[in-house]
Amino acid sequence: MKEIINLPVKNVEEEEYHINMGPQHPSTHGVLRLVVSLKGEIVKSLKPHCGYIHRGIEKMCEKDTYPQIIHLTDRMDYLSAHINNHAVCMLVEKALEVEVPERVKYIRTIVDELNRIASHQLWWCSFGMDMGGLTCFFYGLRDREKILDIFEESFGSRLLHSYYTPGGLMMDIHPNFQKNVKAFIKYFRKKIKDYDELLTGNIIMQLRTRGIGVLSKEDAISYGITGPSARASGFACDVRKHDPYGVYDKVDFKEILGTTGDTLERYMMRMHEMHESMKIIEQLIDNIPEGDYAAKMKAVIKLPAGEYFQRVEAARGELGVYVVSDGNKSPYRMKFRSPNFSNLSVLDHLSRGCKIADLIAIGASLDYVIPDIDR
Amino acid sequence: MNFSIYDFTSFTQWIDKVLYDNLPAFWAIAVEMTIIGVAILLFYALIGLFLVYAERKVCAFMQNRVGPNRVGPFGFFQTIADLFKLLMKELVYIKNADKLLFNIAPFIVIIASFMAIAAIPFAKGLHAIDFDIGILYVIAVSSLGVVGILLAGWSSNNKYSLIGAMRSGAQIVSYELSVGLSLVTIIILAGTMQFSAIVEGQANGWFIFKGHIPAFIAFIVFLIASTAETNRGPFDLAEAESELTAGFHTEYSGIKFAFFFLAEYMNMFIVASIAATVFLGGWMPFHVGGWEGFNHIMDFIPPFVWYIGKTFFIIWIMMWFKWTFPRLRIDQLLTLEWKYLLPINLVNILIMAFIVLMGWHF
Amino acid sequence: MNSFFEYFADIFRAVKSLLTGMKVTGRYFFSPWEIVTQQYPENRKTLKMYDRFKGEVIMPHNEHNEHHCTGCGICETACPNGTIEVLQAKIDMPDGKKKRIIDKHIYRLGMCTFCGLCIKSCPSDALAWGQEFEHAVFDRSKLTKTLNQPGSSIIKDIVE
Amino acid sequence: MTPNQLMFAIFSAVIIIFSILTVTSRRILRAATYLLFVLVATGGMYFLLRFNFLAAIQLTLYAGGIVVLIIFSILLTSHIGDKLEQPDLKKIIPAFLAAAAGMVITVFTILKHNFPQEVAAGTDRTDIRVIAKSLISTEKFGYALPFEVISILLLAAMVGAIILAKKRND
């Protein structure tokens, strides 16, 4: 009895109120579990628990040949499937010192940017939905459907394409591809005004995001944040600009940098990026050179023994692929540096002292895709 | 017996007379009560079902969709099918919940909205109780609903529910002020709180036009505040699905969830019909001074149609709000009330009192 | 005084931004012709998938119930998931030699990730993408399909 | 039995039963809910007496205001598993005696008082205009002064509450 009496009296105010947000929660966009400790409505700290959708992709890669790995990368950040494929393909091409045809580079760049727009459209949908404006979700999906139709016509599938192969493409683009892409850009230029009118300019949305979850440039760098989320803080980290691949060195586009680093800025970055992506596509779509859609590759691809690294700018940040090869047809070790994992790590830092509603807004502005976090 | 669709007074008096002639007084009144109760209950259920359907259709059209279109023509029976689904669903009992309060809460919410509907004039003579304090009664009764929400949130023994209930409590208690004060603005103009007298007073012009700008401001404030009081978007913080999964009714299932759902829609109907009655003339037709022919045509439209039309117009505006705006945060919600709506309302009352004093209204 | 005007300017700006948003949804409400929903089961007859649509892997047969598959098993090795299993049989050729032909080309739809490597790697173009996409079944075993039809044989000109 | 008597009986029964439940319940939020029923039934009693204004005020202030406030504070402080302890006899007996004494006095007063048998026609209903006029009249039996004094008192209480709340946060 004595021990019980002698226990220090717990102050009611200091008691922590834990909430398990997820693994099944509407605004974690998948099976992510956030253990939030609250004081009233205010978030005191937050602990993400990942691994609910861990499929061991990196381990599975070790038994697959390089062409087979492609279809696994689709399933990491499923919203930028093409870009993930691009990373692995480029790594293999770099290791084997294969020069891919110009046509392939052009098509890959265009498709990457289309994929980026589609990804940002879905981000806009879910951002609007997390803010409570359900209508955004439907407008975003409606416009994303146009891109998916283009994808489906050319590549046969809508989300997980496995379109790139080491050395080139699975098949040539559909004859209608250029026409449809141009039609889409014309259409989307009109519809993106709706986005601005409906959500960007809205006073409620502005009040809820301005000055919330401010990420300084130093923190962005030290947490390893990349992509639009880091550029909102003024950290110039666009791989397309600083380590160009594809034909990004031939096109004119701006790397848009923000200043404030708050939720609204992160939102604006992605809105600007959609415009920039459309600009890139417009510059390339009429100039796709004629030629082969794939370089000649050996039937069995074996990478020379050694370590290889390749990075690309995925829709959410920098995706790095690291391969240790022992000269066999499968990698000895494969590691993906996924942007979402690093971006998630800053959530605790950003959301301390914010309200629950702010936590949702910050999470939506970081735009995490759970399968990419867990892999 | 000369019934008209324009005046229900003779019809109701005829029923009254028949009952009292044929039955002892006690049974006559009992039968009368039962008739009224059943009529309102039917009306309540039908309107609730229709509103759910209407909301789904309206939001679908705003979102470039077609909405429910499988059950019946244009999906008209979709909500009835949903009702049967909800009726047949298992009622999940929560371990460690306060069972009594958990079961009582939906009834408190639904009874509060059910009581409010009694005082609303649907047409001339179609009016369950015509209190001399009609508006005050509606405000008083509708303030009971929040108790049900608080109890539901607490007794579910769920942290999301509790936060939802807390938010809802803070929200409803503060927005009740604005609802009350914006109605007071019109009470000053009308000089009465009796619904029938308020409607009669708008025979030569709706109050929103009669009261010039202050009445219009009061109308806007009432729209905003009543949207908040009914816990609808963009003020649906109590059930904010992206933050609290479903807020105070996270743990409810089956028919008990349906009660909350129905009560939400009925509260919307009630505030819309109050707005229609107080600001837009209730069942009074639209008249323009001097245009005799036009006024005559307007008179041909039955008052019940006028009333329903106005009410649904306001409901449509509230749906438009919900499907356009993102949700507010709790502190912004309270800022909106205490820093904007309430001061504007108070100044507005003063201006209205001054206008009435000087006789500047029509 | 400045803050007084700021107060009303705030209200004005807020209302303006809200009305802008309502304009968008209001416009769509009154333009039902912009609805993009497809009525799926009703439009089944007119629904045409794109030529390259990856519905399932099929083995095209000609009118004589013949296909191109030699049963070499390259698709089986190309498949990352073990979706395809090629069962071979030996038949006696007229000249007395034993010859391997395909017995069953087993395709497990439930395991397929539609990467297309089997079709790309097939040396005799025996596999192709099918347009069928309504794959829902009540029993998982129904997802295991045999792609070569019963009694089918290889097209003669390939066998020499 | 007239309908009025029936309703009176129902309301009285509700008030009595739930009053007892309010003080005997071991769960504090249940007690608050029972109190809500008592107050609503009291409001119904006023409606029965045709004191519509008083009834509406009863519902707004007591049922809608005070009970909500009580429930709100219970929500903030208590946990769902919390149960009040059974008070010991030393506390029950004096409380019971005090309650009994109160009841005796009330019943005695009611029985002793000479209620008018017939209410004059037209006076069974208080016009709210009369209430409103007397609330702001400055003449004899006018409530303008008390009204203002209470306003100042409430304002002072509000300011005090804000200061107290602010102090704790700093």
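Going in written order, the chains are labelled A, B, C and D, and every chain counts its residues from 1.
The working rule: contacts are C-beta pairs under 8 Å (C-beta built on N, C-alpha and C of every residue); 3 or more make two chains touch, one makes a residue touch a chain.
Please read these numbers as outputs of a predicted model, since none were measured by experiment.
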Check: Quick one: most central chain, C-alpha centroids?
Finding: B
Margin query: So using the touch definition from the top, which pair is joined by more C-beta contacts, B-C or A-B?
Written below: A-B
Item checked: Computed distance of Cα centres, chain C from chain B, in Å -> 50
Checklist line | Distance from the mean Cα position of chain B to that of chain A, given in whole angstrom | finding: 45
Margin query: Distance between chain A and chain D based on Cα centroids, please, to the nearest Å.
Written below: 60
Checklist line | Between chain C and chain D, centroid-to-centroid distance (C-alpha), Å | finding: 70
Notebook entry, point to check: What parts of chain D, by residue number, touch at least two of the other chains?
Noted result: none
Margin query: At least two partner chains per residue is the criterion; list those residues in chain C.
Written below: 18, 21, 24-25, 36
Next item on the list: Can you tell me which residues of chain B touch two or more of the remaining chains?
Entry: 62-65, 323-325
Next item on the list: Name the shape of the chain contact graph, picking from line, ring, star, complete and other.
Entry: other
Check: Looking at the whole structure, which two-chain pairs count as touching?
Finding: A-B, A-C, B-C, B-D
Check: Within the complex, which stretch of chain C touches chain A?
Finding: 13-14, 17-18, 20-21, 23-25, 36, 50, 52-54, 78, 80, 113-117, 120, 129
Next item on the list: Flag every residue of chain D that touches chain B in the complex, lowest number first.
Entry: 1-3, 27, 29-30, 33, 36, 40, 43, 52-53, 55-57, 59-60, 63-65, 67-68, 71-72, 74-76, 80-81, 125, 127-128
Next item on the list: Can you check the complex and tell me which residues of chain B touch chain D?
Entry: 25-26, 29-30, 96-98, 100-101, 104, 131-133, 136-137, 139-141, 143-144, 146-147, 150-151, 153-155, 157, 162, 165-166, 169, 173, 176, 193
Note to self: List the residues on chain C that touch chain B in their complex, please.
What the structure shows: 11, 18, 21-22, 24-26, 28-29, 32, 34-37, 39
Notebook entry, point to check: Within the complex, which stretch of chain B touches chain A?
Noted result: 59, 62-65, 159-160, 163, 167, 233-234, 236-237, 240-245, 323-332
